[in-house]
Structures are given as C-alpha cells and as structure tokens.
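What follows are several structures.
Two complexes, one shared chain (subunit A), two partners (subunit B, subunit C).
Let's look at the complex of A and B:
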C-alpha cells in the first residue's frame, strides 16, 4: 500500500470512529438536555441544541411525585425479587445441565420456549389467568415478578452451567465418599465455585426485569412499573417528567458499563440471548 | 449416595421446568385454546373475523416488511462495525464501548430519545431546517417513511448484539489465512470474498436465526414511535384487540398467527444452523 492510500484509509477510519461515538453520545446528550431544561425550551421550534436555562424541577419531580416514587419502588422490588428467583432456579437448572444429558435437554428446551413464545401470546392469557388468582395488576407486582423470573431463568441457567461443568466430578465424588449428602455438596462445594457466574446471572436478570416493557404494560395496568410509566408520560405529553424518568432508568445500565468495563462484551453477548 | 444424587438432579430439573410451564408455556397453550373458542364452542370464527379485518392484513404485511428491513439494516451495519473493530489496527477502547452502548440503554429509553429526534418538531427536522431543507413527517401514520424509521430505530438498538456475534466469529479465523492470501497477492476485496465471508458464515447464520426470531416479535418500537395503528404489526394489533376492543379471543387468534410465524422461523433456523454449523445459537 502506498503512503497516500494509507493516509486516505486513516481518514476513513477516523471518520468511522467519530460517527460511532457521535451516534452513541448525541442521543444521550439530547436526553440529558431535555431533562434539565424547562418545558418551553424542550418544545422550542426550531429546536435548541444547547441548554439556555437549566432547571432541576423535572429531576426533583421524579422523587417528589408519589406516583413516581411508588413506581420506582415497585420496579426495584420486582427486579430484585425476580433476579433472586431466576438466579436460584437458574442455579438448579444450570447444575442439572452440567451433570446430565436430561438436564441439558431441559435447559435448552426452556431456552427455546422463552425465546420462541411471543410476549403477546403469553401475556394476554396470563393477564386473564392472573385475574382469577388476584395477581393481575397487584400493588405488590408479584405476578409480574414471577413472569420476569421465568423469562430470565433459562438465560441464568445457561450462564452458570459452564461454572458447574468446570468443577471436576472427582471433587464431588470425594465429598460423597466422605459422607456428605448431595445437597450439602451442592451448597458447600458447587455454589461457591460458581459465585462469579451467579452474580452475573443476578445482574442479567435484574436488568431484564428493570427494562421489560411488554409484560409490564399488559399486567401492571394501573400499578405501573417504570417502563410503562415512561410510555404514558411520553404519549400523554409530560416531556419533562418523561426525560427525567428516562434518565433515572439509565442508572443501572450506566453502573454496569462502569463496573464491568472490559467484561461487558461477554455480559452483553449473554444478554443478547434474552 | 448416587441415588440421592440422582433424586437431587431430578428435583433440580423438575422445579425450574414446572416454573417455566406455569408462567410461560401453559398460558400460551390456554391462549391457543381460547383462540378457537366462540361462545364456549370449538370454532374457527375468531380466525375468520381476522381475515375479514383490513387492519389484520396491514399488520401481517408490516410483520413481514418491518423485520426484513430492520434485519437488512442491522446486518449491514453490524458487519461493517465488526470488520472495523476486529481489524488488526485496533480502534480506541472508547469507540468499542460507544458501539455497544445502544444495546445497554433500556429499549424504552432509547425509544423516548428516538421520539425527540423524529417527531415533527424534533431534532432531525430542526437539523434539516438549519441545513436549508424542508421538515418531513417522519412518523406520519401509515406512511412508508414511518416504517423505515421504525426499521432504523429497531436496528439501532440491536446492531451491537449482531456485531458482537460477528466479532466473535471473526476472531476464530486463523491469521495465517490472511497472511497466505496476502502472499498470493489478494486484494482487500478478494480476501473478504474468499477468506472472511466463507469462514464468517456460521456466525452470520447464528446471528440471523437469533435476531430473526426477535425481529418478528417487534412490539414496543412500533407502539411507542407511531402508535399501534400507525405502523401495525401482529403484536400491536393483538394488543389493540385486547386492550381497546375487549376482544381477547380474536386477539389470541392474531397472537397465534404470530406464534406460528415465529415457530416456523425458529424451525427454519434450526435447520439452517445444522446445515452451516452455526455458532452463537443457543436456542
């Protein structure tokens, strides 16, 4: 390659890098700007690209409005409960996958079911069925938390399965020979071994629930979690509150990006499976 | 001892399987039954009602065109990004993080941002005006432009996933092959055509299966950007029948049509995956 072509390529590469960074940064900037400017400025025509007056009212409203505070707590509770459930059940299934062919068949079957069933085909009958047992639109959000854990369960199992498979069977067998019950061996030897993978599965399940929109829209129709609430603010025109809420919803994702950094690739690839 | 171990494994399979059955599989099955129920009798009436509704045909067409368009956009972008990020001269780490970022943003938040950009008095029209152009109705209900915007926004969100799968595929290609191609005097285009592309096929097929199934299930992007009637797809159409028209049975018939489409796509995907030894397909 001659030098002129080399310089040309370098320019192209720099332009691509700039386009990628701009594509990621510009939307986030616009979100931030909408959240901290007064309503009149957010709706200005032609639009203003730089904030002229900065106000904290929208961000303040996120924590001051009872409706919003309730939604934050509800979302947080549902995400924590479903993450805990999905991790616990996923650990069981992941262990079975590592130890038997039947377990692997069950694991991949569960994954296929979770991936192939369209949300709408499950959510409508689920809403009807939950109505019968008092879980539909419940103030506690228990019904939604259970669905979210079912969605995350197979992915959690797939994430912890390699950690269990990596543990040599001889270690388990030695513990059995020493008289430990299989359950004891699982809790004292296998689970600690899979600590990292279990933490990853918990984070994945938490984010899945925190971001989930479709089931939440159909099941929590008045006791809304954050994603459907954001949708209502957008559609019914409370732009300031919507932007502040959107900013708040970004917090777990941003924490994840900062905390995981280089590990992000693997986590995202696994997240792509949900 | 071993028997106790076997019992534990059986419990470890049964409990999660039961959980999945109760909250995902059984509801879908009862929904399928509901779709064949008219006044307590087994009937195809709900499906006939669908076929007579013009909105259903628009939703069906949209459910083919929008996923196809969004897959085309995201694969073109992802392939370009993967080749760029996987090149021997590594771009800065910040660029890699930026390329993954759109997927880390919650979908609903990304859609909120997309609305600020594409609404009539949004930032895109502002930029057009500043550049001396005329504002456009990007999200006008029923327009081809609105469908195009939906495809682009959907692709924007998921391109990083496809890119990561392709990037992983690129890393499995032995560098010696590139060296051999260079020694043989192959140009960049020839190397791509005869080395990169054939060896990347498993990753491409894997990503296509994974994303193809997801693309068919599109719901929030169309609902948030244009409303359920603006760019109808089967999910939003069924949602309207359920929440606005109070027709759960017809809604379930529409949902079952979608489930059939997704299942067909999944089966085709499994066959394709076998044929090409696809990577990245867990389901």
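Let's look at the complex of A and C:
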C-alpha cells in the first residue's frame, strides 16, 4: 500500500523533473537550430520544429569576426578574475556570517542593501569614478572585473555560508590545539572541507560575469566583452550569427560545470551525510 | 593512597579558585584541584555540572573569570603557554575529514615544520602506541568508531603533550566496543605514562579508569579521591547517589527516643547513630551490601554481632543479569533495593541483613557525610 503510494509519488516527481528539463532545454534547442539553419527557417510561419537544411555560414561569420578573439579573451579574463575575487572574499564573509552573530547580521544587512539600488543608478557614477582612476574602458578589463566581483560577492557568500555553518567547531578547536593559528585553521581545515560550496560559488560567479551585460556595456565601451558583442549582432538583425555566438558563449560555462562537477556532487553528498 | 598524595606534591596541573560562569546559568565556581604527573584523573558528573567547561579551561579554549590554572608550574595564558603542552581527544574525535589518517596524526608536526623523515617516524610510533594497525592512507569516513578513536589518540600523543584531555571519548560508541576500548585506554595510559584528564558522566568509566576522580555537581567539586574512597566513603549524599550501580538506598530515618536505635518506618534497627545527629538522619545502604533471606516464623536467623537486620516483604524482583534486584517493602511507606541471587516472589516475607560498618550516614540538612 505504502509502496504503491511511494511509486505514485516517484512517477509524479519524474514527470515534474521532465517538464523542468524540457522547459530548460527547449530554448537551447531553438538556439542550436537557429545557429545551424538558414535564417529563413528561423522566421518561417508556421514554425519549423526540425531543421531542414544545415548550414555553417553563421558559425563562419562569427569566427571571421576580427573582434571575436579579443572579446573572448577579455570576457574570460574578467570572468576568471572576478570569480576568483568573489569566491575568496565571499568565503571570508560567509565564514564570518557562519561563526559570529554580529557577522551574520552585518552580512545579511549589507547583502540586502546592495541589492536595493537600481543598477543604472550605480553604473553611471561608477563609470565616472572608474574614469578618474584610469579603469574606465581599460584594455585589461580590470575595472569591470572589480564590478563583477562586487556583484557576485553576495551570491558567493550566501552559497558558502551554510557550508561553513555546518562544519563542526570541535574540528577547528582540535586544529587550534594542534598549534594552528586562526588563519591557518581557516585555510588548512575549513576551506578544504567547504571546497564543494566554494566550487559552486566560483561557477556561479563565473557565469554571472560571463553573462553580464549592463555594466559591460557602460564600462567597456570600445574594448567589448562578449555579451555586448552579441547585442550588436541582434541590433543589426543577424539572428543566425547571434545564435551561433550565443551557442559559443555557452561552451566555457558548460566546461566549468563539467570540470568542477565531481566537487559539486561531493559537496552535495557530504551535506546529505551530515 | 599515600603514593598519590606524595605524587601530588609536584602537580603537573594545578587549579586555584577557578571560576567561569555563563550568562545562561551553568559554569564553574571556586575550583581547586591538583593533578599529579602520570595520573589518570577523571572528572565525573551529570551533564551541566561544569566538567566539560573545566576541560576547556585547561585546554585554553576558554579563559576563567577569576582564579589561576598552572600547567607544569607555569600559569596558563602567559604567552604561548598551555596550548603546546595539552592535547585533546574530543567526544566525536574531531578528526580532519579531508585528511587521511596519516595526515591527521601528522598535522601537529607539519605545523611545527618538522622534516618528513622525522614526521613518518613519529607518526608510526604514535600509531603503534595507540594500537592502530591499518592502512593510514584511509580517510576518517572509511574508519570504524574504534579506529577513529585510535587515530584521535595517536594525533593527541604525537606531539608528546604533558597532559592529554579527553571529553567523553567513549560516549558515542556502542556498549561492547566501549567495554573493549575502556580496557585499551587504561592500557594506553600505562604505556604512555602521561597525565590523562578524562571527563565523563559514566560512573563505570570513572571507577574502572581513574587513579583518582573528582565528582562534580552544579559547578563545584563534591569529592576527590580514588575510586575505592569515593565508592566506600562518599562524602556527600549526592556522591552516594551518583556513584554506584544500582544506586544506593538513601532513606530519611528518625532516632528512637533514647537514641539507641533508628526507626525505618515501623522497623526498629539497632544501630547507634553518629553523635552529631539530634533527630533525623539520612541513612545510606548499597543494594549490594544488603543480603536478602527468606524469614521463617520458627527460628530467628543467626545474626552476626556486627550486622543489622531489617524485616520486610518482597514487592518486586527485577532480573538484571547475574542477579535479581529486589524491591523490599519495609513498613508502610518505605522500600529498599537489595540484590539477591535467587528469584523471590512478591509478598514473601524476608529479612534484610547488612554489616554495620557498611552503613552510611548523611546530615539531612547539608548532605554531608557523618561518621
């Protein structure tokens, strides 16, 4: 009886999961289709669900683009730097939130307050400020990397905070008694135990920067990152090339998730065991 | 006893007037304690009595509000002081989950920047001392409870501390494993010759492991002594009730008008009470000291000169393994527990007998022992 009910639930859960996966996969499928079919098929009415003719012209056009190489390198550099910064700072903030009541209050307060400001109200003064210190539209993208790490910091902190909160204090005390300074306890004992959450925070911060459009548009005016580049394609109406570029943009994020997958899964398994 | 007293002349650990109160209520008050080098010293008490607080103060994980703790003659909290001299085995062992057994044990040595040859040698020696006979490349989650305990012991030992602190290291294990690890721990102490300070709420742990123990209650030490001293001459009613299994019978009794006997309910027991008593006294009798015999109306059982007798009636007999724990009703409102080799049916009239010297008297007001 109970077993039957359990099987029924499993079926419902599977159906819901399938619907979610389908919902997420459908736009990806359309993107792929647009990237490899002639433009006519993308705008056909009634819509064509299956590709009729496969062409490489859009991908060609994207790869032929002179700005592409620079934009990829710039986006990659900014995303890696900002993700590293956000993860490092987020780990410290998350740890403070997990270990002290004052840290928790301050952390949540600051993270919420930061979200209250509309982006555009922050972006313009920020761009002016960046100009003063020579980071506006810099070829290295350092200014935008700092902005992105600030954006990702709350996400990173909130992702690692529960992982630190779940760590038993006795293990830290044991390390302290073994002769480790508080900083070493954090680096040698706490960080390795939270590595799954740290990997998750890094992936989230990376994707957040990789995708980020608004600040990138305002700060990297001539040295463009990929999202604004994509936007120009859309504006100029080359849907096929835009789709091909969007497809290309998915590659690093997917690679990162696959590379860090074992760690992410490990963190989930560890959480389940505790 | 005199040997431990002499050793106490040069204590490795000395606490004087140590006080640590918490806002929430618990804590410690005015703790004075001296622990000799090489002693296995146990802090025994119910949860919340402050025994773990005391351990954390000695470890340096917490600081006293007043009083002084000296370790090897130096005050704790003076510079780097205590941390290097004490090691701790935590209740859940607190192993580093991301490190192998070897790296767990080597951790304190690596922090001291020791060479890898020396590390390997010392980890091997500590593992052997702790009875670790396994692949040290395994992680804590791949080890059994007993193996984790041994890794924790080896880690505590590897940096050769003066004092090894243990916070209920056996409490999370199943009874069988607990029994065998208890034996192992005693053996381990003998081999290492180091000072152990061990916290537990389990009296079996305390009585079997300790050279000396302190019984604690509500932030104070009730009694310090060898297991035999604490068991045979409990200094307070609390100690009498807390130490010993099954628990001691403690009954409030009145004096007979001419002070020549005690009134246990309706029964008159021919015992001279301690001189300090004027009306009531708390009488303590261990169930194991009370022998039960079925009384017959014909003959009065031969009564040894140094024995007391209490007539009663069996209320219940509970099988507790090797023996029965018998509840005997004495008079209208009183019942006593006694141990018996045979099963006795309820309502059987019985005679309880006990040696006078084994009786304990306590002042009903203060709970202190009376002689």
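The definition used in the following text is that the second predicted complex is superposed on the first by the 197 of 274 C-alpha atoms of A that agree within 3 Å, B and C clash if a C-alpha of one lies under 4 Å from a C-alpha of the other, contacts with A are read in each partner's own complex, and residues count from 1 in each chain.
One rule holds in what follows: a residue touches a chain if its C-beta (ideal position, glycine included) is under 8 Å from a C-beta of that chain, and two chains touch if they have at least 3 such contacts.
Quick caveat: nothing in here was measured; it's all calculated off a predicted structure.
Novice: Quick one: classify A:54 as touching subunit B (first), subunit C (second), both or neither.
Specialist: Neither partner.
Novice: Which partner does A:73 reach: the first (subunit B), the second (subunit C), both, or neither?
Specialist: neither
Novice: Mind working out whether A:15 is in touch with subunit B, subunit C, both or neither, as first, second, both or neither?
Specialist: Neither partner.
Novice: Once the shared chain is lined up, is A:122 touching subunit B (first), subunit C (second), both, or neither of them?
Specialist: Only subunit B is touched by A:122; subunit C is not.
Novice: Is A:255 in contact with subunit B, with subunit C, with both, or with neither (first, second, both, neither)?
Specialist: Once the two structures are laid over each other on A, A:255 reaches no partner at all.
Novice: One more residue to check, A:184. First (subunit B), second (subunit C), both or neither?
Specialist: In the superposition, A:184 contacts subunit C only.
Novice: Quick check on the output: what are the common subunit A residues between the subunit B footprint and the subunit C footprint?
Specialist: Residues common to the subunit A contacts of subunit C and of subunit B are 176, 273, listed in rising order.
Novice: Sort out for me which residues of subunit C touch subunit A in the complex.
Specialist: 59-61, 83-84, 86-88, 90-92, 94-98, 107-108, 111-112, 141, 155, 159
Novice: Which residues of subunit A touch subunit B in their complex?
Specialist: 13, 16-17, 20-21, 23-25, 27-28, 30-31, 34, 43, 45-47, 49, 89-90, 92-93, 95-96, 99-100, 102-103, 106, 108, 110-129, 146-147, 149-151, 153-154, 157-158, 176, 181-183, 186, 210-211, 213-214, 217-218, 227, 230-231, 234-235, 242-243, 246, 249-250, 253, 256-257, 264-265, 268-269, 271-273
Novice: Show me the residue ranges of subunit A that touch subunit C in the complex, using the header's touch definition.
Specialist: Those in contact with subunit C are residues 168, 170-171, 173-180, 184, 188-189, 192-193, 195, 273.
Novice: Which residues of subunit B touch subunit A in their complex?
Specialist: These residues of subunit B touch subunit A: 1-2, 4-5, 7-9, 11-13, 15-17, 19-20, 22-25, 27-28, 30-31, 34, 81, 84, 89, 91-92, 94-95, 97-110, 112-117, 121-123, 126, 129-130, 156, 160-161, 164-165, 168, 210, 213-214, 216-217, 219-220, 223-224, 227, 234-235, 238-239, 242-243, 248, 251-252, 255-256, 258-259, 262-263, 266, 280, 282-283.
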